[in-house]
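Here subunit A shows up in two complexes: once beside subunit B, once beside subunit C.
Our next item is the complex of A and B:
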């Protein structure tokens, strides 16, 4: 006829993704880290003739602090922030606990433990409030807070010292050949505290705020309150980390450099664990597994007969390379 | 042309402060200096002024590298390790003459900056992570080099030229290291406001997408920034070793947070695109005087740290309030 037939445009229907695909997309990174950790543990176990409960306990209890700090950092990073004071908060918790727990019976010690966690939550909430109210960038506020918290730790305990109840130590990190308590505590915190939080309105709001603050605000999320809650949650985990340090070392140590190193390692664990620094994505399991991977490097090097000082080099290279690979993997997905 | 009603006048006043943060910062510095003088005697003598300038210099140079990185919305957490490493190498190789030793220290800076720049610029690794990883690597390299018969073992002797430049006195209250500082400051202030690279640094920090569309090769800008940052860090480390009279694998570590704080107090936004080196100079001076004040107070190290953190936070808060430069 007159008009040439118009070429029909076929828009292919979006294919519904299968359960496996969705799982792969959401949890692929965590599964990868878990496989890496499994490989590292297998490698480590092959290095020691008698790899048993004693070694496992050493690894788990020794890394628990770092794992908890990685959780603290993760919640805050998911909400779109960053906290360079988690390590100092842990040191402060450690010092308060060690000072008040010295020569006390178990009941008092548990009371002190609750107090430490509450103090950490309040202080961290305060930091979050300052960030939200003042509009000063989070890096700056938490950097300044890390000075102040380290100072507070020195006020509480002016040098290495303090102590705790041996029963409390066993309850939290287990005896020399009992990896049970530490594993149970970590799993318990993830299952009883994190999972319900993540599923709750607040948890969903946290992801929304981290993903796009304006969009979250326009959908009726109370952005300021949600960000503060993320810092309170961070304080909960940092406080626990302080308690675990007390239980693991049996004393308090107010050295600021411990906090600074721990903070930087927590950021590394968060990134390796697949939590995007942009916020809004990731889980807490990934950073916990990544913390274990990072902690396994020095003993592995020792087992190989290398200078364990190379562990620091290896750690840095691994962090950079993994993030690079992660970036390369994400390029095809980016539409911008 | 301008209407002289009350309201615009108030806005003009604010706008002036926003446009020229140096005015407000100079005021803060002056007040702080006078307050310090009431606590610590001799602040108004030649010696008092000289020691303030002397101590502020390495901090200001380390803060210069943070300023550059922050203008591109980055940060360099490896500065202090680079500074330590460079100073150590220079002292370790001082037997080969000052030129070789200083050249090697400079090479340390260039190498670190090259890797950082390639990571951040080409592979788009988050700067925080890239430089954090680099700090880790450098710490390991230095530690390994020190043990046994590693490449850094052996005696260290500070270069005489470093000692002269870093802790000598030019005349009256002016320490010799002010010369180095002045050259760095002039180059940065002029370069950032007048050169193509300087404008590109601001542009990349302000809006990378627009930059790409405008044809700026972002990776080249970032590479240049991280190279400069690491070279400045090496310079800062050398000057610090000249002041302290010794070298150590972790001697400037305590400067990491103050170097970021100096840039922030000086009005450089950590989100990129806003700020400059003039403010950072004042920030470094403010922090140095603040440190002096806290040392003069009859109190414990613990309270000093608490106060330091609170005052830095308060300064940043006031700055953000006055200028309306809110973080995202």
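Our next item is the complex of A and C:
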């Protein structure tokens, strides 16, 4: 009884993981999606004799809306919510912009653009507030909100119409062979808006709230406020998506089905981009890359000479297969 | 008399119709390590949450250094010098440790310093919380609380998930706090710890404080148990021990369950043991010696890397828990909610494994189902007030329910994985009695326990698992020191 065994034994510290392991664990999915995208782009470029600025611009500008909606959905999903009204918000933004921008000079048009984004942020923040205060599940509130927003869009613009300033179009989505502006805008939003947010205390709190609400509360996070902020951020991205639609099409289109389809595709991009629907993990880059993957499939199928309807079938299959492979890859890690 | 550091007076709290605290007085003096004790559902956690600003009390006052305070958030409590370490680590899984610290506004350098003082400076704070093992998360949570240099450190069942050497470091900190004339409020179900390290204890029962005394005094343990159980305490203790003594040795027959050279992991030496009908085999091990996986293999949840399992002298290969259950081998896992259907009523929980037997297709004969369920509920004296949803039951009642499922369905070999973790003393004794009763009725039982005294209380034999192999078999009379020595893989001295 002289020496108790207690003091002699040391529970070993967990082995610290190397930088590479960690990078693989945390960014592996994004890298995977980026590789998938690279492969799809290579494939597409091999289908066309001259793959140049024109084609790149077509892809980037055409996918920008979806990429922005994927960002909107991602922020909200990361915070532990879901938003089925991002598409309707985009349509509403498009209609407001198209109506007010018609035949205006560039200064006014930029003013309107700011107004559209602010309106989207306020409305989305309102939706978030209703969810937090009322305790009604987010999926119900945002589904209901999507009807309201779609209705408002029709009030603003009762049919296809409106317009915008061509200079504004060029600034946002570039001319027919200028992929530059669209790429710059997307990269800019990610670098100037998202990165600083993600690294701020508010950004960390957003992840915390999505991962474990009670642990976040116990750490001193204001849970309700943080969740509302995520919806405001979502509104910002949805508003931008509305502007891009206006710039890309040059007009407004209040059809509700456009919004509904866009919402569902944004959820698909979020899932494919490695943002867990449970919340708390993932980045915005993954869903943006995933949005491009999804957008490349129809032209690829066209290049193969398939019926375009099969493109939709292929899209669904690809989402399931990719997510399934990702799940299989994560199994060894779980059993460790 | 000096002024108490913390004085709670007539604190009450009700959640709807359920009264958690009726009227609790608690007084913690400076330089005192004060234990807060009580059965599950006595209101300990609620009191802690009120004292640390997570919940608001319905009535009553809390005073710090004689000054009444209103604590509306954990942050306000910290500003008043009350820092808690909760039962579940308040760390967000998907963030790195450093990010978690930023949320609370704590400088990682300070936490590193506290960790170094606990000899844990090798811990990498840039790991994501979900990649770190639970015991270290508790230590991190503790280090974070220490950074606030609190007047009163509140430790809610911190040692429940800690291996002995880490527990020792917690006790060292408690001692240090005491020396600095600061206080600790310590919650634990392990009476030995409370007796050794606490100067004072307050026992809660049914939402009231029923006794306060020095737990280390002569007969302290009995006094604690009596206070916790109140009326219910009569005649619960040591029934299991008597029963075991009265047990007749079974006649020579083939053991019910034989395990030969079972490889938990590829590199292990292999586990071998046998259990007969009517026998309770205790299994002791430190954290992480492969016990979790061993039980999962035995219950058909995971496949072994090699080796043999024989049930009634017949080799078996379980591919699915269904196979094991069909051979009468059933598991009660440590995580109760994993085994239960938390949103469903008691009745369905008990009947779920029954459905396999009752009916293959078509509607289920509810009359027969109800009868069997009622039998199980009565036998276990499960508190059925919250019958509509299993997750609303207290921990002890949930544990009874997980055992009760198998009572109704029938079994021949019962695997119990730490069945009393986090359960109050009264229910623990009910479970001990039940285990002996089941063994007497002819069940073979393998019981893993993290509380070594249970080996002496309920088991017929003890097998010690170390590094994926059984390193010693000891009689139930083995002292805790002997068990611990063997569990560390050290040579067991003559028994």
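Assume the second predicted complex is superposed on the first by the 317 of 336 C-alpha atoms of A that agree within 3 Å, B and C clash if a C-alpha of one lies under 4 Å from a C-alpha of the other, contacts with A are read in each partner's own complex, and residues count from 1 in each chain.
Methods note: contacts are C-beta pairs under 8 Å (C-beta built on N, C-alpha and C of every residue); 3 or more make two chains touch, one makes a residue touch a chain.
Worth saying up front: this structure is predicted, and the values here are computed from it rather than measured.
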| item | value |
| --- | --- |
| Partner chain(s) touched by A:14 [first = subunit B, second = subunit C, both, neither] | second |
| Partner chain(s) touched by A:309 [first = subunit B, second = subunit C, both, neither] | first |
| First (subunit B), second (subunit C), both or neither touched by A:139 | first |
| A:111 touches, of subunit B and subunit C: first, second, both or neither? | neither |
| Which of subunit B and subunit C A:148 touches, first, second, both or neither | first |
| Broader residue contact with subunit A after superposition on the shared chain, subunit B or subunit C | B |
| Which superposed partner A:26 touches (first subunit B, second subunit C, both, neither) | second |
| Footprint of subunit A on subunit B - complex, ascending | 75, 77, 119, 123-126, 128-130, 132-141, 143-144, 147, 209, 253, 257, 260-261, 264, 269-271, 300-310, 312-313, 316-317, 320-321, 326-328 |
| Subunit B-touching residues of subunit A, taken from the complex the two chains share | 82, 130, 134-141, 143-155, 158, 213, 256-257, 264, 267-268, 271, 277, 307, 309-317, 319-320, 323-324, 327-328, 336 |
| Residues of subunit A touching subunit C in the complex | 1, 4-11, 13-14, 16-17, 22, 25-26, 201, 204-205, 207-208, 210-212, 214-221, 280-281 |
| Of subunit C, residues touching subunit A in the complex | 54, 73-75, 86, 88-95, 99-100, 102-105, 120, 122-124, 126-128, 131-133, 135-136, 163-166, 168, 286-287, 481, 484-485, 488, 490 |
